[in-house]
Structures are given as C-alpha cells and as structure tokens.
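Input: one structure, supplied below.
To keep things simple, chains are lettered A, B, C, D and E as they appear, and every chain counts its residues starting from 1.
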C-alpha cells in the first residue's frame, strides 16, 4: 500500500518540474511517445507517480532513463502539463537518489552549492598550479611550439587525472550500484540467474555506443523504427567526441599532451580535431536551440542545463586556444589558458560525470541493461 | 357519418417502409368503405406533405382523414392542425400508429407487420367513419399564477411573471426564502455568494407590488383545474411582529434556553427555538419554532415584538396556473455508509459547505484542525441496482472499517456535485492555510465551461483518484487516525491510501422526501422519483396535469443556472396559460344519456374530479357532467349499471367497429 | 420581364463569369459518370473493383458512385460473402 | 433599387433558426408578439434537423424537429428570412433597436416553387453536398434536403455554369437569375441571439489524420450515415464503401484540449457517441464499437441509465485518449493509446474511426454589434453577464442569448435556455 | 383465424394514452419484439373500459384481451388500480356466464417505461392462449 504524499511534488519542482499537477490522465503523452511500448509505457505513469508522491515506485523505475526528450508529449498534452520536462526533472531527481553522498541533490537544488563547488574546484586547480607548476619557459621547441610539458609535465597532470578518474569512478560506480539496488534488487522474490547478466550485457554496450533509443524519437509521427534525425547525429557526434577526448586525456595523456607538433594527418591531431569539432558543434547547436526555444525539448532550461553547456563550451574553447597558442609559439598565453582550461575542465567533469548530464550516458544504457535483465528473469519465472 | 375519407400512409423515410409494405397497405385500404383517396408519403409530417393534405381536403371536400405514421405522441397535434387549416374539424382525423407499434416492434416479421398495419389502418378508418366534429370547450382562465417554493427557481420565476404583468403568489414552506442557495456561500463560475443572490432576488420581489409572498405557508388542498385552481394554504405564524426591534430580538434569542439542531447548517450546529438563519436572512426578522418552544416566556420578557397570540391561518388562493419549484433534498447517507454517523469526522458535502462558511481564519471541525480533506464522490448517486456485497466491517479493538454497499436505487448522476465539490475544495484551499485536497472520484464530470474549475484545482495540486465501479474506496479508523484507501484506476490499480482529517461525502440530490405537494397535484414522477415532464426535449417544463409547470431541481438535478433557465421557461409556459384570460379545452369528456340514466350515484362515486352532479330534469333525477372539470378519464363508464354514460369519441359504436376491423380477416 | 422568363440565365451570363474550376468540375463529373456507367454495363462491381478499373482513388469513386445512386442511375446490388462490400449495378 | 430595400418593424428579432431560435420565436409569437427569424442557412431547423436520433430517449430527431419547424414556419406572427444574414444591429434606446439584414438571392421564387425537383434532375453539375457533410454529391440547382423548411429549390451560384437547364425544366417558371440581394431595415424592440455553434475542425489535429485518412470521419458525418435520409442508405466507410465492423470513437477530439485553444468540455460528445454506438449496434449487428474516453460525462436526466444500457448492449468502453492514428494499406486504421486501467500503451486496429468533435463558438456573434458592445467570453461564446439570476442576459440590455450561442449544451438545455431568453425578452418588452 | 395467427394468438390490448401506450411505443423503439397479432386500442384511462367492449372482442374472435393498466401512475388518480380491478372482475363474472375462460382476460399494470414488462406479459399470455386454443 502506498501513501499519497503531496510534498513530493514541491520537492520535484526544485529539480525543474512544473505544471505536471495539471495532468488529468488522458494518456495522450504515452500514446504519442515513440519510445513507449508495452513493456515500458511512459511518461503518464511517471507523472502519476510524481503527483501522488510515490517515491519508491519512482526510484525503482527505469522509465525516466528511457526517455530522450523529443518533447512530443509536451507538445500534444491537452492540459499543458509538460510531461517531458517532468521526465527531465525525474532524471535529475534520480541522479540525486542514486547518489549516497547527498551532493547530487545539493547541486541540483541549490545555486550556492552548484556555483560554490564549481568555484571551489577551480580554485583547487589554481592553487595546485600556483604551487606546483613547472618553469614558465619562453624557450620554444624546434618546431616552434611552446614547451607545455615543461610548465605542466604530463606525468604530473596524469597523476591528477588518475586521482580525478578514481573519484569519478567511485562516485559513478557507487551510484550505478545504488541504481542496481533500486531497480533490480527491488523485485523481491525475483530470482535472477547470473547467466542473464552476461547474456543481456550486449545491450549495455550497444545502447552506450549507439544511443539507439534516441534515434527512435519520432517527432513527425512517421512511425518508422529508426529515424537518423539531425538531433541524433549531433547528439552522437557530441557524445562520441566527449568519449574520445575523455579517453585521450585520461588514458593517453602522454601521447595527447605532447610538445611535438605533428603533421595534421597524424592520428593525434585528427582525433583531437574530431573531438573538438564534435564538442564545439554540439555545444553551439544546443546553445542555439536553448536560446531559440523553438523545439519543445529546448524550451525549458534548468540552471544546470546552462551550467553544463557553459562549462563544456569554455572547456572546448580554452582547449582550442591552448593548441593555437602552443603551435604558434606563444608561451604565456599557452600557460595561462592551460590553467584556465583545467580550471573549467576539472569542475565540469567532477560535477557532470557523476551527478549530471554526463552521468546520463552511463545511466541510460545501464537502465536498459537492468531492465532487460529483470524482464528476462520474469519471463523465466 | 363521414363518407369521403382520405388516408395517408407514411414511409417515415424507411422507418416504416423498410418493414411494412406501405404500398400493400395502401392497396388493402383504398377500397374500404368511404375511402376516397389513399396515398403513401415519404414524410407525412413534412411541410410539403402537410400542404398536400390541406390541398386534398379542400379540393376534394374530404370529411375525414386517417394518417398512419409514427406514434400519435409525436404528431397528433401536427395533423390536427393540418385538418384545421383545411377547414376540417380536427376530430375528423384519426391517427394509426404503424411505426412504434408495427414497423419497429415487428421488424422481425415483415409480413406480420404489414398485416397488422392493414388492420390498424382499417380500424382507424372505421373510427373516422363515425367521428363527429367537436368544438373545444372554452373556459375562463384567471390571470394569476401560484408558485410553490421560494428557492432560487421560484423567486426568479415570480419576478419574471410579475414583470410580464401577471399577479403571483409565492408560497414558501419555510419561514425564510432562498431555499438551498441561501445555504451556500461562494457559488461557482461567479464570485457571488448564495446569500447575495438571494438578497438581490428578495429585494426585487419586495419591489413588485403584484407578488404576494407567503412564508411558513403550506399548500394543504388543491381543487379545480387549469384556468381555475383553488389552493388552500395553511400559514404558520412567526410569533413575532413584523415591525420588530432587531436589537432586542438578538437579546431575546440569546436568552432562549432551548437548543435544537440547526437544519440550516445541516445539524452541524444548534440554534435556539427563536432563531434566524443568518443576519441578512429574508424576511429579515426571526421566527419562533413553536414545536420546540417551551413557552418559558424569556424572550417575551426582553422583546416586545414577540407575540404568542398569533394564530395559524388558512388562506384560499385562486389562480389559473401553478408553477412547482419545490427543489430537492441532499442525499442523506445511511448510517455506516462510508463511516457516516459512525466516525465523527465524516460529513456530507452540504455540511462541509456550511463548515467552511462558518470557519474564520482556520479550518476546524469539532475542535480539531483540518489539513487533509478526503472527498468521496457519488455518494447516493450512480448506484447500481442491488447485487454487490455489504460493507466489510471488521471492527477490532481500535480498527474500524467502513465502505459502501454500492447497490442502491439512485442510478442517476446528480450532475452538480463534481463541480460543486471541486469549487468548494478550491475555495477551501484559497481561504485556509495548509490544506490538501484528495478527491476519490468515479470519473470527473465537470461538463462545459466548468471544466476550467477542474483544471484550476489540478493545477493547484489537488489529488484526484478514481475507483473501479465495483470497488469503492474504504475508510479505516485506526488509533484515532482516519485513512481512506482506494484501488486507483489511474495508477494501474495500485492501492493508494490517504490520511484524512476530514472525510467529505459528496452527496447528490434526491427528490424531496416529503412529496405531499406532488401528490396533492397528482404530479407523476419518473423512474428517478423526480417530477416528470411531458417530453424531455420538446416540452421540458410542462406536466401531464394541464396548467401545472415544473422547474428547478424538483424535476431532476440541476445547478443554479440550469434551474433558473428552467424557471424562466416555466414562467413563460404558465404565463401562456393565463395571459389571454381564457383557455380552450379538449372536448373529449363524458356525457350522460338522460333518457337512460336512472341516477344511482355510482358515477359520482367513481369520478375523481367531482365532475358529476345530480340534477332534477323533467321530473327525473339524473347525473350531469361539469364540462370544465371533467378530464375525460372515463372512470364513470364501466360502473354505470344501465350503460348510460359514454365518453365522446369512445362510444360503444366506435369501439365496436374498431374491434370489428381488427378482428376481420384480411382477404 | 415577361418575355425574358425562362431565359434569365442569359442575363446573368452577361454579368457573371463562370470560373474555370467550375467548368473543370463539370467536365470531371461528366467524364467519371460516363466511365462508371460504361464499366457497370459490363458487370456488377464493388467500389474497389471499379476504382482499380478506372484508376480513381476509391474514396473519390465512392463519392461519384453514391451521387449516381442518389440521382437514380445506379443501384446497390448484393453484398459479398464476407459481408464487406456491396456491388453496384446500372438501375434497371 | 427600391424593390430590393424593405423597411419593416417587429417586436423581436431572433438570429438563428435552429431549435433554440425556433423555440424562442414560438414562445414570443404564442404570447402575441411579432417576430422576425433570420436564418443564414437555406432551411430552418439548425443542426438538430440533421441528426439521426436523440439521446437518451432515442427519438428520431427529424420526427421531433419537423413538427416544431412546421409550427414555426406557419405561425402567423413569425416572419422567416432564410439565406439571410444580419449585418449590423444598433441600439438606439431602450426597446428600440435597428437591424440591417441582407437576404441573399436564392435565384428561385420561394412562393412559386413546388419542390418538384425537376430542376435538380436537369442540372448537370455535381458538387459536395454540405447537408450530407460532403459524403455525397448534390446538384448546383437543388433542394437543400428532403425535410427542409421551406422545401424549395435554390441555385448554388458559386458552382453554377449558367447553362440554363434548370430554368428550362422548371414547370412553374420560378427560377429567376435576375434576383439580387434584398436589404431589410428593421425596427425592433428586442433581439435574441441564437446563432448556435460550429463544429470543431478536426484538421487542426494532424495526428488524427482527418482529411488525409478517408476512413476517419467526424461524428456529424456518422450522424448523417445513421439518419433516415442518409447518403449511403446504410453505414459504409467513405474510403472504399466497405461495411465497417470495428468502429472506434475518439472522444474529446478538440475539446478539453489547450493545444487547440479549447480547454472546455463540449458537454454533449460523450452522450452522442454513446447514442451512435447504440444505433450502430442496431444497424450493424456484427459490428464491434469501442469508445475511447477520458471521462464519460453522462450527467443529465436519464443519461447515466443510457450509458449503462450501452454497456449492457456490449459497447466497449476504454479509458484512454487516442494519441495518434495511422493508416494501413487497406484503409484500416491503427489507433495508439494508453489503456489507463493497465497503464500500458496499446495499439488497436479499427476499420473506421469517428472523431467525436466538440462544439466551438460561432464567429458571427462578434460582428452584429459595434466592436466590444456585445461582450464575448474567452472562447468567443456570447457572455452571460448575469449567469446565475438571468442566464439569458448579455452585456447589452434588451439583447438576450439562447441555446449554444452562449456555450456548449444539449437539446433540452437549449430549449430551456430558449425559454429563458424568450421569457426575459418578453418581460423586457412589457416592462418597458 | 388462419394464416399468421397459427403461430400467435390474437390479442386485443387496451392501453392508456399517457401511461401504458408510451411503454408499448417504447417497446417498438427498443426493438423488443412481440407477436404482430397483438393489436392496441388506446383509451384515456384503464378504468374506462366497458365490459361490453371486451365481450364484443371475444365474440368477434379475439383469443385474448389484455388490459395494460395505468396502475399507481395513473394521472387521473390513485383509485384507478382499484377501479380497473373491479371492472376486470366484473367482466370475469360475465365471461363465466358466457362460458368463456376468464383467464383469457388479463390485466397488468404497465408503467410508462415498462416496455420489457409489457413484452414479457404479452409473450406469456400468448403462450397461454396458444396452449388453450390448441388443446
């Protein structure tokens, strides 16, 4: 038996939801949603759970992760209850639920915490550089580039990277484990053979790599199973760029942050260009969309949406500038921009990866994976 | 004897001709005795066919017509009018019902239907052959209307009739006017209160010299008929002089030692034996409730306006038409229905409306603060007829449960309750702090523009739950806490529970429990026990009793606007009965054959309308019929031992030839 | 006026241009009517069969066919075994 | 032209000859007032005369409208102008209105036409018949419909090729192409607005496919398919003439929907859909009828019982609004909806879909008076300025509103509202 | 009594204009079927039916006569039920005198919405009449 709790709605509004109380349960949203199917019908059920404040049902649900915010539900909602925005805020809410530290919740619901922690993390980087940076040599390499590794030797930075990656993994993995507990373990009495975790694993990989679900967002009602919309392409471009960049700076920093200036066809530069282009295009595209507010999905922006875009934009721009200054042999601009670059990058990753947008990249395929496992287990039963 | 007849057989656009071979019917009757012409027609009721009939009658000098079409309930008057326009007396037209009673009833048997149609048309021809020209009976109609019930409908109709120049007597059983509306505070879709509305109408009534308002007045007898009703009205005195001193009266009220439950507040409060409902109640002076008064004389000592010498009086009112606006009763749940009278925090919607009206600043009931309110909808409405199980009642030491036996006799939807309760919930939320509303519904019915209120309440965060038809919500009382449980349709049948400080049973409208006025006027009631109109679509305010109109919630659940609409409609109808000063009545009445009558008095006993009188004529005592009172029911016919009474148009000869025509085999 | 009675359309012709679309519409109806009647002369057909034969969308064909039924040149025949489609034939 | 200008005076002007306008006019005329009834269409009777049967009594609508209509049309105190429009009304003082009315030429002299339909047979032009909601054709010279009042021919000049065939065929020589518009200047004491409603245009909701998918029709079209004077003589789907066997009703098509600017409930769609479902089960004994709803609003006298009756007959009721409709090759339709009871999205196959379209306001109301004088509500219905005590009153003293011109309502409510309007109009005139 | 009456008995129904006739109309409206050899003559009130009319019907060959009485709904007063009952028993007496089976005259109150009740009554009456005419 569940007890109705109207306070939940007020709580959820802090995560960005609004007007969802207006829902009169006609089900139009679910019916126009191209991702909704017989196994997983949403968003109306999630709206209903939110109205009634059924916290347990919400945290056990994978449905918010299945939604990619095409906005059809909000466009056609006869009560203008903004179900899509509710789903978005449920994703924010869920990230805070999975997070045991309580930080995620603070970051979403308090601007002081959001900007405070960004500033603090930036300050940490700044302080580290003030005390630990190498000589700021004006001497250039043979190719005429700046000796960045003298100022910030990649080995030292990589140590920082590993520490950061460790923290990120800790947060993210514990959150995912939490998610696992809520989604899978919640099904009391359901026996899940270990084998299923293996057999269903490919869904995790597939959905992570392709973001296939997003391609099903069918805003024109064409009823095609896959539409390679510009939205999906841009999103995938951005996402893959991010992953490439992340891997390069965390795992191959020595190769990536080099004082060499390779020929432009060198893989290091090509990958760099790809990632930079992807990040820049994506960020600009989403910026423009959020400013124009033409599509349903970009009409409503939570403060964290802007923070994410701004941080990512600044990271990308400063990254590009570092490269330009370095190649053109401008030592001081290179050094300063590099510090700024890390001052933005670090908070961006620390906040976005475990608690915000970037975490969705992990949560979504995991949600599908967990759901598959549970469904498969139920079938066996 | 009519000998030149026209017969029209209607296809009714296939309604008839799909099952009845109308051409065959035509062929079978066109050579009947006296039939001059027989035609079939697509729509007998259409203007063109009507014109054609007029033309036929005129040019062929027809002296009788038969129309075989749909039920005479629909088109009797139409074709009577056709006859009249053609200069043929309307009683020389006879109707044969070959749709409702032939083509539709026997659509499974086409030859049978055709044969039956032939029989019915022949029987109609037999009747019209004997039909006589009859002239309507003209009787005077008194230009005055009595309105029973001074609620919103009655008051509004009174003003309208008065403005049309018709004197009105407005009869109210209570000592104050305004009916149910006076009990409501803010009214939905406007920002007026019930009291303001009643005050406004009362002032309007007071301004009009041709309205006579009687309060504390009850109709005890009715005689007469359309155009000339005589009502006997018993008036209970107020025991207070009309020109009274309000200041002293208040002191007198304070001094009264009697406390009785206050009906105005649906018994959630008490009042004194000398009382008024609220400061600006109309008429604006109190009344002594003589039934509960102990005659202690305390009030009399304080206030000189108290006058125990006043006596009950009876007045006689003569009017041409009566307009019924007797209103409704709120449904009273039975004991234990959703915990009513079983748990102390369960109230009905009308009681709840009084509670919010009486509370200031903070919502409390019986001394407890109210924050969470559960509204249970459709209590006493939309019940299925019997069958379901009785409420599960597991009364353990400190846990009690109450639900509802969903069987009941009120199958109808009470129409106003959804909107009314949603409006009350919104108002409660606006007026008091920290209120959460939980609505336990069976599907919200805020029709029309009222939908906006539903949207508003949703946006304000009210929670709506909907139960399955066979699974009503239940109320559990455990350790002094009340919980309402429901299997919610909209949450995929999850069981949802709500902790409630107050449970409001959204009770619907039921007909007045006291139907004495209705039976006095012999008003028929429908399946739902509300007064029945003649025709729901076309004559929604008229009744089968000539001269009596109905309006407002006595006819069925209505909100204020709808009640007033029907009141104004009824005013127009009542006005049309009396505006001309005279009326034409149907000439189908009983007649006595003076040569046969030997006066035994049996017909006089049989007549329910006192229409039979004994007179001496030519040295012989015989019965005569009062034409304007006789309704033509014919109850006097079979009792006559010498068969001296006939009903016009139903004479033995007419009946017998009709039977002959029906019995005759078709060649 | 008297002598013009029965000829007043000519008077209006002087004042009023008949739009091309109206003429086109008339031509299309006359053409369709002719082809439907010709097709039905051979055999009774359902709307689907007729529309395939005449190459007209079935909803348009139904419209014209029903108009011809209304004005009495075509009549409804029998319904197929599946109780789905009626056939239509030339009115005797 | 002098012959095209007529000055006259009446006690009351009733705008709209539907059931509400007709009832109001009759009430006034029966109490001795002189009434002029102005109807934009070619026949009086409004929408009701086109309906099949009426809920919850299942009376044949034409059968109960026609006597009323003929009573109106032959009442000596009522003057009817069909095919006419009220252009402007000015209030000059209490009990003193002036109205300008244009009667459009019919190109047929009404008094001479016998309704023989020879012109209709002669006319070569076929266009969509608006009285059958475009499902079948009619001629350019035509009698509007079989129970029209007046039942006389008219020439649809927009679609006429001026071939003269009708004129040659007419036995009474009543066709007259020289007719021109007539202007009426009327002095009046009171005005009743009974302009009725418009049906919601389902083209506004693209995902329902109306217009594109031929087997998606409106409830008014179904009303015609079921009426005694129906276009196909039986119920066929307009896409290919198949006898449908799985029919679906989409409730709240254009009502209770902010996205199309109509958040209010249309009040009658639930009931007429239930009624049509019952009629369909009678007309097509093998058919399954499903009604997709949000809430069933069977609130009036006898409505709930009627709803129960439909359930008893086997009409399928599914809680959940249709989200979108798509078409299969064979013209069948796939309806996607969420079954609320199960909280699961489902798809259902139907071979015909009826959109239960709602009521919206008649835009004519805004034009009668000078701007702003006649107040309208947010949905452009005529505003009832004293909703509780005088529901027929408008923002102009002496101008009253009857029927659906003030908001959605069913037939009995329209009749009552007309009663209220005529009553207030009468007391307004008598009171002075 | 040949032809279609082989399957159904000829029954004369006296209905009343305001109460039972609408119910019989509604039976048609609801397509509730009953034998087509059931003929209705409507009168203002069921208590106005003269026994001579009923006897005349039997004389002319009707198998049965059914009085669809107003019952308590009668618009002319509550005494209607009593009075109709009295005239029926009066007729029963006269039928016995004429050696007619009194069960061939039946009466039941049919309210204005009692269509189903009417059809049920008529069907059982028809059954009964067929039984006695065949035996």
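The working rule: a contact is a pair of C-beta atoms (placed from the backbone, for glycine too) under 8 Å apart; a residue touches a chain by one contact, two chains touch by 3 or more.
Quantities reported herein were computed from a predicted structural model and do not represent experimental measurements.
Trainee: If subunit A were absent, into what connected groups would the remaining chains fall?
Mentor: Once subunit A is set aside, the chains that still touch form a single connected piece.
Trainee: Would you identify the chain whose C-alpha centroid lies closest to the centroid of all protein C-alpha atoms displayed?
Mentor: D
Trainee: Give the chain pair, either A-D or A-B, that is connected by more C-beta contacts.
Mentor: Greater number of contacting C-beta pairs: A-D.
Trainee: Taking each chain's centre as the mean of its CA atoms, which one is farthest from the centre of subunit E?
Mentor: So the chain farthest away from subunit E turns out to be A.
Trainee: Let me spell it out: compute each chain's centre from its C-alpha atoms, then which one is farthest from subunit D's centre?
Mentor: Result for max centroid distance from subunit D is chain A.
Trainee: Which integer distance in Å separates the CA centroid of subunit C from that of subunit E?
Mentor: Averaging C-alpha atoms per chain gives centres 54 Å apart.
Trainee: Approximately how many whole Å separate the CA-defined centres of subunit A and subunit D?
Mentor: 55
Trainee: Using mean CA coordinates as chain centres, what's the subunit B-subunit E distance in Å?
Mentor: 30
Trainee: Can you work out the whole-Å distance between the CA centroids of subunit B and subunit D?
Mentor: 29
Trainee: At which residue positions does subunit A touch at least two other chains?
Mentor: If we look for residues of subunit A contacting two or more partner chains, we find 24-25, 45, 48, 79.
Trainee: Would you please write down the residue numbers of subunit D that are in contact with two or more other chains?
Mentor: Within subunit D, the residues that touch at least two other chains are 59, 256, 263, 340, 343.
Trainee: Mind pulling the subunit C residues that touch 2 or more other chains?
Mentor: Correct list: empty.
Trainee: Note which residues of subunit A are touching subunit B in the complex, please.
Mentor: Of all residues in subunit A, those touching subunit B are 1-4, 6, 9, 19, 21-25, 45, 48-49, 51-52, 54, 57, 79.
Trainee: Going by the contact rule at the top, pick out the subunit D residues touching subunit A in the complex.
Mentor: Touch list, subunit D to subunit A: 206-207, 252, 256-259, 263, 294, 320-324, 326, 336-340, 343-346.
Trainee: Subunit E touches which residues of subunit B in the complex?
Mentor: 71, 73, 97, 99-109, 111-113, 115-116, 119-120, 123, 522, 524, 527, 544-545, 588, 606, 608-609, 631-639, 643, 647, 650, 652, 655-656, 658-660, 662-666
Trainee: Okay, in this complex, where on subunit E does subunit B touch?
Mentor: 1-4, 10, 12, 18, 21-22, 24-29, 31-37, 39-41, 43-45, 47-53, 56-57, 60-62, 73, 75-77, 79-80, 83, 86-87, 90, 112-113
Trainee: Over in the complex, which subunit C residues touch subunit D? Could you list them?
Mentor: 1, 4-13, 16, 18, 22-23, 25-26, 29-30, 46-48, 51, 58-59, 62-67, 69-71, 76, 79, 83-86
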